[in-house]
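In the part that follows, the structures are each spelled out as structure tokens.
Same chain, two partners: subunit A is paired with subunit B first, then with subunit C.
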Partner chain A sequence: MTDQTPHLTHSEARSAKPRFGFAQLTGFALLAVLAIGALGGPSLIGQDPAKQSLLSTFESPSRSHLLGTDNLGRDMAARLLSGAQLSLSLALLSVITAGLPGTLLGVIAAWRGGWTDRLIGAFSDAVLALPGLLLVLMLAAISPGSWWALYAGISLTLWVEYFRYTRQRARVVLSEPAVEASRLLGLSPWVLLRRHLIPEIGPGLLTLAAFGAATAVTSVAALGFVSVGLRPPTAEWGVMMTELLPYWREAPFLILQPVLCLIVTVLALHLSVGGARRP
Partner chain B sequence: MIYSIEVNALSVYAGKTRLMGPISFNLSNGGTLVIMGETGAGKSLIAQAILGTLPNTLHAKGQITVNGRRVDQMRQSARRRMWGTVIATLPQEPWRALDPLMRAFRQVSEAHHYVGGKKRSLANADTAKAFETLGLTGAEKQLPNTLSGGMAQRVAFAAATAGNAPILLADEPTKGLDAERHTKVVELLAKVPKEGGTLIAITHDVSVTRRLAGEVIVLRDGALVEQGKAIDVLANPTSSYTQSLIDADPKNWPQSEKQSDLAEKRDVVLTVENLAVARSGKRLFEGFDLTLRAGERVALVGPSGIGKTTLLDAMAGLIKPEAGTVTRAQSQSRHTVQKLYQDPPAAFPARIALKHVLKDVARLHKTDWSSVLTTLEKLGIHPSLLDRKPDEVSGGELQRISIARALTVGPKVLLADEPTSRLDPITQRDTLNMLETMAAAENFAVVLVTHDRQIANKWADRTIILT
Partner chain C sequence: MTSALMKTVFAALAKRALQALIVAVVVGIVSFAMMQALPGDAAYRIAAGRYGYDMMDAAAADAVRLELGLDQPAILQLWIWLKALAQFDLGTSLVYGTPVIDEISTQLGYSLLLAGGAIVASLLIALPVGIAAGLNPNGIVDRVTFGLSVLFRAIPAFALGIVLVLIFAVQLGLFPVAGFHGPENLVLPSLTLGLGLAAVSNRVLRDSVVDAMRADWRLFSRTKGLSARLTLTRHVLRNAALPVVAYIGVQLAYLIEGVVIVETVFAWPGIGHALVHAIFGRDIAMVQGTALTLGLLYVALNLCVDLACRGIDPRGRLA
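Up next is the complex of A and B:
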């Protein structure tokens, strides 16, 4: 045979290169820290985020208050952790509840085609016509400061993104000769999904999910900051920024903390998927 | 003597590794150079080095002079200005060179207008003329994805030559074309030197070399094997590699044994009666009959666009025929009709190791893994290749793996849709030989769709010509 692929030793073989780059590993590490913080919450450090102590406001970091106290003498570390819990759980929930139905509907539309495709497509277009921000404002007016209203507003229209991406990609993948060959060989739809579809659209969906989560986190903070989202005394990053803003001159260290938390969270999410699709 | 292209000791390097060269050649106006060799021999690197389109990780050494100017020392922007007006190129995969959202006529007239510098009306007139000469009448309004491979090739040719560049680089211009189009494209190319231009053609097809004549360079693994007048090299090759390339031309294949007494001895595995097929509402042909017997080799020949693939799809039960019936022998399950595809990498899931693909099929059809490995061994595939993904093995190997995959099911009929048209001639011959051996050993029928009458005559028991 003249047409032979040379037999490379394992160390030279292409699949042996490292799977993740440095940036991505940094993203994973940051995400892990954030996840631990969010899972443990304020009880990690044994402080109550709502407990005021007017005798000890604006304290510097100390053994009892790791990151100091705010204008009402509440423990900053506990409040940040509580905020992480709120933001990340909402991000996770909105990604799951938008990603799952969106992806499923996308696959169904691409798989069935015809009327099914047109119906779901029309429905998704109709949902897109609904402005998400308006929905949040409306729900906030109906039940001010409710976590569920916030969640619904942020994620109700989010599934369309997943739907459109999945449908588009799945249509291309499903029309490939490779899928036809697999069907002829008698492979079940499940195998087609696992071998053809998921490897092709998985990385893209992960990117969508991470960016969606980052957007959800910033949305919660932004709405909290303009007093439309969650209300004080809830310890939420955006709300904390509003509360601490008047004191930025005396205690710049305090307002920087929720801001940094927000930046780090968004950065971690973006970094963790950054290299996912690099060839 | 003034040369239009002068190449002196040209080599292409990746870092410190030499991938190709050194080669030297001179061509004057009216000259032809054919670069021959298999995939991976570095043929396209020469074209890229002359054009200045080498990937960033590669660099060229040596001198390249075009019309008396040293292009290898020019700035990139200056070289770019020569594209289309001094050197034109006909790319390898023409459908990738066309704008997917622009209709065929527009693509060409735009090249006449912008590259050729003609007025709109003149550009349109010249485009219409080119479409007529190239047999593209009726395709003016079509988008590239609705064009067949051969038509896309001709649209790309019309666009490439619109700027009237005296030098034309054609990279595998006949790949995947049917016999008639093949002849036409070669005629088109042969016109270039006749009209005083310079032609550099890259091909692995000996018949193209023979027809274009001129000079020939034979490359193997980037090294020069032979160089000289095409007539001399083809008649008296000094290297055994050149000889094997010549032998791989279907015209020079040994005749396979024709099995003529199948009717009495073998069972019928598939019957096609009065079949009519249509694609996107257009009736392609009707009244097609075929009786296939176990172990039989049938070739299906016809020009592109006639509906050969659609016919195969109907026989495989992938589409509903417009009229007529396709009947499998009663004892067979519906998986006994299998297909081979033209582009092997497209027939496998791209991101999965080949091992998993084969194991899925073996598990489903309760085929022993060791028997799959035996089949692979017979096909000359080393099991270590199965740890790779489809794009990490060569096209010929992948096509043989897809034969093995189909055999895992225990097929009675194998529908092969131009399975070797994208492979090198030597690989093509080897693959078809193996298919023949396997069909005899496993007693399955093969329907081979091809556009090469030579292959059909040499390889098949009988040939059906679709017109």
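Up next is the complex of A and C:
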């Protein structure tokens, strides 16, 4: 009896209204701003991110160009917004395409056990044998400059985390006496999942999703920066850094803009789940 | 005792050998897919690489096609490709015309130097910070380093590299911007990677120091009359070291990824830089060679961490 008490208080504490700390609220606020920027895109400020104007390069921030112009006279604010649109939509898409099958396969592996478990486990081990970015780099190299290759590569490396986490947690949850009792009552597998498994693994999955999105945004920018990912003239943060790096002497403020955007995005995603370590 | 130690060492070796095999197969298959995805006729391209663009003709291309089995179905070609890889035949660089293995052997040294520098830098930062924070949990040092850790963790390695270059190399002129001319070139790239590694590992160390300071055996060693300093150095730090060393294993993926990107930021003449260049230049033999070396380096470093953990912690040894 005594060993059940902490479990009870634990689940009670979770069913209560969630309380967010200052860091987490900051993360939500930053994410909200980024989401508005990404949803609106360059049309928010009515500027074309690709329109060059060679007569007005390296302009200081002004009423018409809120953050100045780059080496080709393109509006920096519009380019940053367009980059936010690209990075965040890719991050969201790859988190969904990695998270759903990853979680499902994790549940299936824990449920079925045996050969199914071993087969999916072996596949996940094969993906994990190489550092993630190296795999994304090589997959992106199969068709360079393609958005789809980048998306497929990132999703392929991200799903493993969901799979491993879900499989491990589901094995524990499914062997609990409470689940055994529900099963003996004749409840369907769907009810078991909804009532027992999802409340247990939900918060962990959210943390994984936030960190996965941060990894996706970083990977896109890193690959763009080393000229292996998306190509100019795409307004992508990593590509913009490469383009603006040669002009650091004339305009150090310009190169710092995409760098800061990237850092703030990753920071917002980390903070929104409490800045904790991965589960 | 020795046979038990041998057993654990062999178990670790077998696990990592399997991983090395998987790395080779994955890199081989992806490189092969890259080869297939290239536009144009592979036989012509290889013939041009071998004999030079002026010396080759359709007959030479046909000879290459027959010799390498390029007229076979793709699955058979993949088999031939992997068989060559199994014989450590990495081929010739399509751009430089030199054997890939020669290129890699010079670059590997530079990459190892950078990886070593990064680990040393991370330990130089994380050890004092983590121990100071752990000895006084929720103190001012702990809070400040927690905030800094969250911040530095959010900064991607290449962005941090750019910022460090702009501050220390460009504005202050303390260190060279890029390339490799002497040990002073090692400072900024190592610091870039080291800060990223230390941002997480100092928290791991802090947590394990806190746990160790609360443990019963620590109280016992104080009760039996051991001084606070000796308890710390002999018992607490040794116990706290295990999670940190084990965590270096988790961080190796970050390290290898960081090496690839940071080498490019600093024009460091290592394998990561070569890999990025090879992808950019469609030099598939070099892509395969460098990716394989980086993957195997990852496995080898993991093996070192496995063995180090077993060296520190006698509990992990099989009876």
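Throughout what follows, the second predicted complex is superposed on the first by the 240 of 279 C-alpha atoms of A that agree within 3 Å, B and C clash if a C-alpha of one lies under 4 Å from a C-alpha of the other, contacts with A are read in each partner's own complex, and residues count from 1 in each chain.
Here, a contact is a pair of C-beta atoms (placed from the backbone, for glycine too) under 8 Å apart; a residue touches a chain by one contact, two chains touch by 3 or more.
As the structure is a prediction and not an experimental result, all values here were calculated from the model.
**Student:** Name the contact category of A:227: first (subunit B only), second (subunit C only), both, or neither.
**Tutor:** second
**Student:** For A:180, is the partner it touches subunit B (first), subunit C (second), both, or none of the two (neither)?
**Tutor:** The first partner, subunit B, only.
**Student:** Counting only touches as set out at the top, which of subunit B and subunit C does A:146 meet: first, second, both, neither?
**Tutor:** neither
**Student:** Which partner does A:255 reach: the first (subunit B), the second (subunit C), both, or neither?
**Tutor:** Second partner only, subunit C.
**Student:** With the two structures laid over each other on chain A, which partner does A:191 touch: subunit B (first), subunit C (second), both, or neither?
**Tutor:** first
**Student:** Between subunit B and subunit C, point out the one touching more subunit A residues.
**Tutor:** On the superposition, C touches more of the residues of subunit A.
**Student:** Touch check for A:97: first (subunit B), second (subunit C), both, or neither?
**Tutor:** In the superposition, A:97 touches no partner, neither subunit B nor subunit C.
**Student:** Of the partners subunit B and subunit C, which touch A:200 in the superposed model: first, second, both, neither?
**Tutor:** First partner only.
**Student:** In the overlaid three-chain picture, which partner chain does A:71 touch, first (subunit B) or second (subunit C), both, or neither?
**Tutor:** Neither partner.
**Student:** Any idea which subunit A residues touch subunit C in the complex?
**Tutor:** 23, 125-126, 129-135, 137-139, 141-144, 214, 218, 221-222, 225-228, 238, 241, 245, 248-249, 252, 255-256, 259, 262-263, 266-267, 270-271, 275, 277
**Student:** Within the complex, which stretch of subunit A touches subunit B?
**Tutor:** Within the complex, subunit A touches subunit B at residues 1-5, 7, 13-15, 176-178, 180-188, 191, 195-196, 199-200.
**Student:** Hey, which residues of subunit B end up touching subunit A in the complex?
**Tutor:** For subunit B paired with subunit A, touching residues are 38-39, 244, 316, 318, 334-335, 337-339, 341, 343, 346-352, 356-357, 360-361, 364-365, 380, 382, 384-385, 387-389, 392-397, 402, 405-406, 408-409, 423-424, 426-427, 430.
**Student:** Which of the residues in subunit C end up touching subunit A in this complex?
**Tutor:** That would be residues 19, 22-23, 26-27, 30-31, 33-34, 37, 150-151, 153-159, 162-163, 166, 170, 200, 203, 252-254, 256-257, 260-261, 264-265, 275-276, 279-280, 287, 291, 294-295, 298-299 of subunit C.
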